[in-house]
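Below are two complexes that have subunit A in common, paired first with subunit B and then with subunit C.
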Partner chain A sequence: MKLHPILAALKKHKAGVTLITLQIALTLAIVCNAVFIIGQRIDRINRPSGIDESNLFMITQSWVGAPSGDDEGSVEKLDSMQRTDVATLRNLPDVQSAIAINTLPLVNSTWSGGIGLKPNQQNSTAQAAFYFGTDQMIPALGLKLVAGRNFTPADVNHMGFRGHNRPPIVIVTKALADKLFPKGNALGKTIYVDRDTPSTIIGIIARMQVPSPNSWANDWFWNSVLIPTRLDAGFARYAVRAKPGRLQAVMQEAPKALFASNPMRVIETGTDFDETSVHSFADIRAHAYRADRGMAILMGVICLILLCVTAAGIVGLTSFWVGQRRKQIGIRRALGATRSDILRYFQSENLLIAGAGVVLGAILAVGLNLWMMRQFQMDRMPVLYVLTGMLLLLALGQGAVFAPARRASKVSPVEATRSV
Partner chain B sequence: MFAYYLDLALRSLKRNKALTGLMILTIGFGVAASMTTWSVFRAVSGDPIPWKSAQLFVPQIDAWGPVVQKNNPDPDKGPPDALTYGDAVGLMRDHRAKLQSAMYMISPSVIPAVPGEHPINTMGHAVFSEFFPMVDVPFKYGSGWSAADDDHRAQVAVISSKVNRKVFGGGDSVGKTINIDGRDYRVVGVMDDWNPQPRFYDVVNTGGFLQQDEGVLLPFNTAIAAGMSNDGNTNCYESPKETGFVGLQHSSCIWNEYMVQLDSAADAQRFKDYLEGFAREHHPGWAPNVRLHGLMAWLDHEHVVPPDTKISLYVALGLLLVCLVNTAGLLLAKFLRRASEIGVRRALGASRREIYTQFLVEAGMVGLAGGVLGLLLTWVGIAGVGWVLPRDIAALARVDVSLFLTTLAVAIVATMLAGLYPTVRAASVQPAWQLKSN
Partner chain C sequence: MLKMTHLSKVYRTEVVETYALRDFNIDVKEGEFVAVMGPSGSGKTTFLTIAGLLESFTGGEYLLDGVDVSNLGDNARSKIRNEKIGFVFQSFNLIPDLNVHDNVEVPLRYRGMKSAERNQRIQESLERVGLASRMKHYPAELSGGQQQRVAIARALAGSPRLLLADEPTGNLDTQMARGVMELLEEIHRGGATIVMVTHDPELAARAQRSVHIIDGQAVDIAEEPRFHAHDSHADGAQVGA
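On to the complex of A and B.
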């Protein structure tokens, strides 16, 4: 197939060709970046929390008229109320395990701080989130200990929630251990979570997300520290695992049992996520990633519309050109061109236009990504996205042009003899 | 004449139904995607208090100093976005603005007067008496408390209509007693429905958008005396030296928000100068680092409009642009195909201007039809964002008259713009050449 006649024909439609080239270029630029955003959001949503999420739910409740002071008497009273609640929950027939813990992964409530390797270190070595609970945290949440040991009941103490966080021993995630001690010898080492008080790493767990699913914690997403301390406050969170198949039933039962043991408390039940206090972990996960999921869906819908519009545009414009050139096609056919010659002519023409479009589009796509990196702290888009996008659009063009091109190939040589 | 062009346009559009349909669909989808994302953007970037936002300011004071600022990723090295208790109380004591209030977020439980009802959770703020006139809190019954109540730590409360309904069953509850976190308070005011979005006086803790409304407002000093803890963020660069709530009050942790009303630029400048002096006096260890943002600048500084909302809007506008380029291409092909018709009309005496009108009317009709389809799709889109976006943001996106008109206007104007070049080309057809060639 010679290029010259195609170029000569395209020169007669400069404006139309420019418009369709521009359209393909813009489509490529937008689709590449949108698909890149979708990919990033899916990656985020698929990050494992590190805990066993099946049949798990969380109750957030506060006591009314509970001691609000920070004195020892108040703290002891709150501690006993919390232990009573945990016992109440554990005694329910369908409950497999129940613990009090200050927060859970994907629950947007974080106590975080800097970890140092020396006392009073000015700039911390790593940022990390703290989980306060007992020796039951690891078994109840299904966390995997990969080195060292779990806390024992004797290791566990308690303090008021505005107390000083000074644990003598801690368990850390593998990610944090490797960040603090890159040689992989974190077990038994001393770290500083509160300026000048040393804490010894007695165990390492495989993985546990920090509570915040938001982007501010992106850089230290796996840096969690388990602290063997019950936090005593006017409110408490309980992570409860139901026996298989009994989740719904226990979620109904648990608040009732807590009210029965002490009615002076707030446990809201209702439909609004932010105002209710009993959530299955599946709901917590859906809520945490709702914005990411929404963004991915939105970008997906826009990409779909874009590709459809561009494909339809190619079909429409090519159909017009075919209609316009019926006479020329007839002459070519009369002069001996086969049907497949005509088909190939239109396909080559489209390949030429789409080829120019995707080259321009690739430049626009990279430019758009650079702009978004500056404007929205977006990551750099891998070249693979652009290359895949280019191929996709070339294929789309060939697919779209096929129907009109086939119609063109069916033009009879007799057309050459007709005047209009 | 216009009616004649409408008739011509209709005939032309009917001649090639598939192509007309394609153009209408393209415009419809492009406009709907843009208007849907625009409605969300409009909702989150609006001015929550347009009659007054120019007079409201948020002061910032660097209570942490250069040691901490060294790690501040912000190139501006601005102070933290909240105040220490010491600074907040110090500013209140000096009382230099026309109206001002320190505040912190609380979430107390309220015990209903009706026996047998479970206690309810509320969200609110501890504020000073000037908060009410400063942010124009609307009242259904009663009013805010007095400055004397601030000073005497009076046991008074302002509650929302919703709390009023839940606790007292509605009605004028001024003077009644309400049990908040186990203590008795006298109700002095019941707010009318009031749920400003963004929650401009405390975007630091609310992130801007909250469905839950302000349930309870208590005097700042009373809440502090009651040991009512802060439910907003507490940000510390070092642990408090003493434990407990008192320890937090004495610490360098930041957990208090602050807003002032300053009526003129001169007042704002004077207040800024005063802030510098205040910082020099209270944080003598380093050069004063203070800011005084106007409300709208503050909302921008705190990134109240989520980046996702902006990205979605830009991507949707990109889609609209592609749709317009597409429509321009199709109109061009369509118009040029009618070169011989144009030639005949021109030869029969139609001026170039009349050809312009004829084809722009045709483009406008496509735009109108696209706009009507776009309206329907926008309506579907706005219902759809409720399913996919975070609820507190999605709930704000609405179809109203202005969105309705904007959608139609955008569709028609955009399509006519797309039709401009094809029309120019059509009008420049040489009649003689067209007549000769056939």
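On to the complex of A and C.
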């Protein structure tokens, strides 16, 4: 198919050609960037937290009429209540492990602070989240120790909720270790979790996400510190791992067992993520990323609508042109064009329009990405997105034009003899 | 060159069958210039569209250049139209989006001809109709007579064996019509076979032979006495056989 006569014909339909070219260009620019954002959201949603999430659930509960935790006696009482609960949970036949912990990754409840390398350091070297628990934290959560050792029971102490955090030893994530000691020699080094109390790094774990999934924690997302301290408060969180296949059953049994042990507590059941609840980790993950998922779905729907509107535009314009050029098609057929020639004519015409559209769209897509990089600190979109988008739009154009082009190819050559 | 025997064309709807051509016979020899006349609705245009392979027929036989075209597929019919037949239509049928050069080029492109040969043929055929200087003009920039001459150039460029003209002067004033007719006569003198449908007895008189189509049947005007002697409406008349 020679392009010169098609180009000559298109020059006579500048308005339609310009509009559809712009539509294709804008669609490409928006779809490329939207798909890139969707991809980033999906990556965020799917990133591993660092803990073994299978068969894991969390109970958040509060005691009714619990001791204040402001004096040593009430702290001891709270600690005793907490240890009783953990023992109750561990005694359930379908429970594999149970620990008390202040928070978990993706639970939007964060204990965090600055880490320094010197006492009373003015500006901290890194920001990190703190997980308070016992020597059972690492095995119960399936954390991977890559250097050093775990806490021993003797390392673990406890304190009231409003107590002063002075851990003599800590375990940190590799990301935090590398941030604090870029040369990779963090093990055994001293850091200052509290402003003036030295803490020795006795172990390094591969990965553990901070509790908040929100963007404010993006810069220190993998900076976590495990502290061998039981936090004693009027509320408690328990991370419980059920035996394989028994998650739902244990999630039912556990609150009952806790109530049987001590009825003076509040544990809500249901789907709401309130202060006191029982939720599987799968639900916690889904809840944490619901905004990302919603955004990805919304953008996906917008992309789909845009692509449909563009395809409809191509179908509409080509159908209009086929109707308008029926006589012309008949003349071409009378002069020797086969049905395939007519089909190819309209497909080539669409390829030219869509080709111009995707070239313009590629420029717009890159421009839009650069603008969003400046305005919203977005990442640079890989060129593969634009190339794939260009191919997609060209294929969409060819798909959309096929039906009207096929109708055109069926125009009889006798149309040439009909008066308009 | 063109021979139709007992040919019929029926248009069917759910309730009625209409015979556009019935037991239609005609034989046009190579190099002949035949005028086809007849009242409106007699079947002239149907004959021309079937002769030009623009439309299929219902029954009978049609030999074009010795080839039985009854069972040819769409692609084969397109190829014959492209290589053997040249069309000149009443309303010129130029493609308005293309200039004169590109209009004449259309059938040559479908033939897959190389660019150099195409350009040579376009140049020659436009020179023949006296419009070589208007190659870059669009149809809308030409007079009716000029447009028809471009259409004739387009038909001639492919060196067809048969030129089919449907009221070629029907949309032209007398002076322009005369020019177009002279051009057709010149083309005929060059050896082309021409079948021209016309209402105009004066134009028909300039052809070698005239054929009347009445109620879908052909009657050779030269054999008019036989037409009157027989009930040709019922039997039909074989022309030139």
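Some notes on this structure:
The rule we apply is simple: the second predicted complex is superposed on the first by the 399 of 420 C-alpha atoms of A that agree within 3 Å, B and C clash if a C-alpha of one lies under 4 Å from a C-alpha of the other, contacts with A are read in each partner's own complex, and residues count from 1 in each chain.
Simple rule for what comes next: a residue touches a chain if its C-beta (ideal position, glycine included) is under 8 Å from a C-beta of that chain, and two chains touch if they have at least 3 such contacts.
Note that this is a predicted model, so its numbers are computed, not measured.
When both complexes are overlaid on chain A, the residue A:42 reaches neither subunit B nor subunit C.
Here subunit B and subunit C are compared by how many residues of subunit A each touches, and B touches more. By the touch criterion defined above, A:395 reaches neither subunit B nor subunit C. Touch criterion not met for A:387: it reaches neither subunit B nor subunit C. Looking at the shared chain after the overlay, A:403 reaches neither subunit B nor subunit C.
Within the superposed three-chain model, A:412 lies in touch with subunit C and out of touch with subunit B [touch as defined at top].
Legend: residue contacts after superposition of the two complexes on their common chain; A:373 is shown touching neither subunit B nor subunit C.
In the superposition on the C-alpha atoms of chain A, the part of subunit A touched by subunit B in one complex and by subunit C in the other spans residues 420. Here subunit C touches subunit A in the complex through residues 45, 48-49, 52-55, 74-75, 78-79, 81-83, 87, 89, 91, 93, 95-99, 102, 105-107, 109-111, 154, 158, 166, going by the rule given at the top.
Contact residues on subunit B toward subunit A in their complex (touch as defined above): 19, 22, 25-26, 29-30, 33, 37, 67, 70-71, 109, 111, 118-121, 181-182, 210-212, 226-229, 238-240, 243-248, 306-308, 310-312, 315-316, 318-319, 321-323, 325-326, 328-330, 332-334, 337, 385, 388-392, 421, 425, 438.
Of all the residues in subunit A, the ones that touch subunit B in their complex are 15-16, 19-20, 22-23, 26-27, 29-30, 33-34, 37, 62, 64-65, 68-71, 122-123, 160, 162-165, 194-195, 234, 259, 263-268, 272-275, 277, 290-291, 293-295, 297-299, 301-302, 305-306, 309-310, 312-313, 316-317, 319-321, 323-324, 372, 376-377, 420.
Interface residues of subunit A, counted against subunit C in their complex, comprise 2, 4-5, 8-9, 11-13, 327-328, 331-341, 412-414, 416-417, 419-420.
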